[in-house]
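Take a look at the structures below.
Two complexes are shown next, each including subunit A; its partner changes from subunit B in the first to subunit C in the second.
So, the complex of A and B:
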């Protein structure tokens, strides 16, 4: 095993519990898109209420007539009216520009004006990215933001970026993703000295597409990155490194492949176990353990993916998020605000730091 | 479920049993690279002997002094001496050109001269592809060969190509992979009316890289392809289609990701089950079922990947192949010879058929 593979077991609960308490008494204001996702508004509001507290103020953005009745008096939640919705089939760039009364645009403008610190949405991913570029803006020096997913691996999670903000990437984009992913692993995931791998089709530096081969050289030459070198598809679940860097096309395919494989295998196993375990005691024990394992592989455990490279935390929750996923996304947003993530990225990639 | 998802269960054993008997009494000569792979020569020779018979003649190519003592008198096996070996760290293109006494080059030249019908190697994949291009040659009209893997899904296997012959692909290459993958599914896997999906990051035709978006248009316009449209990573193990088309970079990452995920999940589950099943009967039943499930997910079940688009079957076995994998690769080679695969591809892509 590698050094990182020898990490002790870190459960998703350990991570999200640390997030919810991050920053102590500091009050953080997290916008939640009440209209975004398959289970909006009911599950989204439930999740927001579960995460809100004296130190985590949640701003629900959506149709006030719909949202207000769902919020009990005395909750640490305020409501900002946004009558319009960007749907999953709206074209991202034009919706972000033109649907100015949508929950996504209204919510991100609150962050832009300093009236909130972070943004959470389970809505149209492309629209969240496009509107974030317009209203929250990139950290100076960042060429492209990347969507960074926390993958529920054993014994501890890893970060995978980009999982879909940029279908095509130039080598310099991949170098920046390495810098930002390392900063994310330290500041948000709490890994002290994370290692970074570049996803390719062989461990040798000359394996891969021309862009990946050139990115390898750029990352290897960047002495701030703890670069392991190339990693392969099988190394993700083996947890060979803490951070895996790739373009948004490959990352998206990889993430969804793992989700599909895990679901398929666990489903097949459950039917196997249902068939074969005749003894009641053994069956019950196994069912409990299987559920626990499925929990450890469930992407909702971390609530969503982090759009790194922006001036404030933007958390993209799964479209299918339920209350628990939304609550964890709010916790991740809080951690993103109180951490030094944005400052670290600005320092490492900012024009004053000498980046291109 | 989709039409293809409703297929009855097809075990790897069903497939390989059909391969070994394909073509009835017709004698097929399959070259096996006795020097290729981590377990050469002992396991390779054992696998070749297991697959050889009156209708399947195996030609072992390697150092005769090493191979001869491993072959009993009377086996349906002949030996051709090749003193040199292309190792896993040799540069593929120059080794294919210069190591003319290597088992890979000597073996492929036997196919080129008509002294054998198919070639199997667990050696250096890049060198097998490069030497195949030199000595077996592409079918006229084929721009790029692709490595087509049979993925062990439930309830039936699917084909994924390209898994690594071409790190970068143009849209027309992907269209040709769709045609060749469909022909492979019919002729080698025995699927009567296979559906074909293009791997992307969303089901809409406009999702993906520019090359994938253009490929979608080309494949959709090719009326010989039963095109489902775009598929996503999670659809592979869901078995939404019979054939998944992608570039060699994405395909290689995807294949290895699934292998790693399956191994990781099954390992985690086995420890869970070892811990929790106190009752001996339940534990034994489960262990047996778990082994069967692992078998159904084991890529060695099909022996190797098929380099489609060449004038003769070239089977690229896993580097870690044991005897069973090599035997199945020989069976796949036999099926490739007696099937109409090469003829179908020549007809569909050949210059006389009007392709570019």
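So, the complex of A and C:
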């Protein structure tokens, strides 16, 4: 397997454009947590309305008295009343169990009962993970679900998992993440033959923590995974591989470091361009490329991260999501439903349930 | 249900829902130390037990369930009540 430096540029739009129309005429029902996120309910409802259509039916779950006035007559949207809200400070497991009238629990129960196909929330991430485990349930054989994020990279996006569902992971969990991440890259991102790397502190198999060293051996021995080997932090943005596997703590730190660095570089670039007429002219010439770069780095493009390993797609949107982010999260949910992701994971991990 | 039947049911939940290695599930097995389950797994176990045995388990009661034997005893006691 070779490094992928010569790949053509793939914009986020190239990835997401296929989502809204995925599955053709098949009607998919996506639940949207109308109470979740910093900009709920107005932006969330706006995003849901933008994504809804004859083939994508959106079920808004939240306080009906608040949500109803925001929805025009005739929209492909229905409303399910949930008076309670799980806040950002609520303890995830306890809230998921006890706040049974909350939008997150009511919405996930709709999916569990087969009354909806996918779930989107910009609310409390821990509570969404916990409630998904309790009500949507993991695919048999999956030991831990993982939050899989599409990382804005140049020239094309990659998948990074886990970015926060599991702070500590055993080697077998990381092997399962490799299998699920590969399936996600194929089924949701449309990468035909993705390569998988294990994040470590050196490319040699013996580099890393004991868990990472053992995980390397397990993944290397799994002939279904197109395993590149270990990758280092600096290789992520170089796009050495299509899928990067790590534990939730490291993944979260990695994601936020890259997001912060990218933002810092763009700010520095802008202030440099503003310095003089000469650089302003240069900046104008580069305008298209810079806008493309800004678009590629915008988390709203993908809408959210996918909780892989569950019986149905659960999309965890950024807490600060605006309408466009929510709409793209709904599209990602649709793509998750019509793709073979859940079936592939069940096939790959279900038959090896309990295997270590 | 007999104690053995309850144990088998709890074992089934642990193996099928939480992918715990069946050989490790004994009455003395501690959830966190021996079966390597985390706090979320335990919530999942408690909720599945509530569903399968038709009982209610409060958060305080759930916190006291630390071994497979504790879980079996709890179900037996609740069934008698």
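Simple rule for what comes next: the second predicted complex is superposed on the first by the 332 of 356 C-alpha atoms of A that agree within 3 Å, B and C clash if a C-alpha of one lies under 4 Å from a C-alpha of the other, contacts with A are read in each partner's own complex, and residues count from 1 in each chain.
One rule holds in what follows: contacts are C-beta pairs under 8 Å (C-beta built on N, C-alpha and C of every residue); 3 or more make two chains touch, one makes a residue touch a chain.
It should be emphasised that the depicted structure is a prediction, and the values quoted were computed from it without experimental measurement.
S.K.: With the two structures laid over each other on chain A, which partner does A:193 touch: subunit B (first), subunit C (second), both, or neither?
M.R.: So A:193 meets neither subunit B nor subunit C here.
S.K.: Determine, under the contact definition given at the top, whether A:249 touches first (subunit B), second (subunit C), both, or neither.
M.R.: First partner only.
S.K.: For A:42, decide between first (touching subunit B), second (touching subunit C), both and neither.
M.R.: neither
S.K.: With the two complexes superposed on chain A, say which partner A:154 touches: subunit B (first), subunit C (second), both, or neither.
M.R.: first
S.K.: Counting only touches as set out at the top, which of subunit B and subunit C does A:93 meet: first, second, both, neither?
M.R.: The answer is second: A:93 touches subunit C but not subunit B.
S.K.: Taking the superposition on A as described, I'd like to know which of subunit B and subunit C A:261 touches: first, second, both or neither.
M.R.: So A:261 only meets subunit B here.
S.K.: Output check: A:237 vs subunit B and subunit C. Expected answer is one of first, second, both, neither. What do you get?
M.R.: first
S.K.: Inside the complex, what are the residues of subunit A that reach subunit C?
M.R.: Of all residues in subunit A, those touching subunit C are 92-94, 96-98, 129-130, 133-134, 137, 140-143, 170, 353-354, 356.
S.K.: For the complex, give me every residue of subunit C touching subunit A.
M.R.: Contacts found on subunit C: 15-17, 19, 21-22, 36, 39-40, 43-44, 46-47, 59.
S.K.: Quick check: in the complex, which residue numbers of subunit B touch subunit A?
M.R.: Listed in rising order, the residues of subunit B that touch subunit A are 153-154, 164, 167-168, 199-201, 208-210, 212, 232-238, 246, 248-250, 252-266, 268-269, 272-273, 275-279, 281-283, 285-286, 288-290, 292-293, 297.
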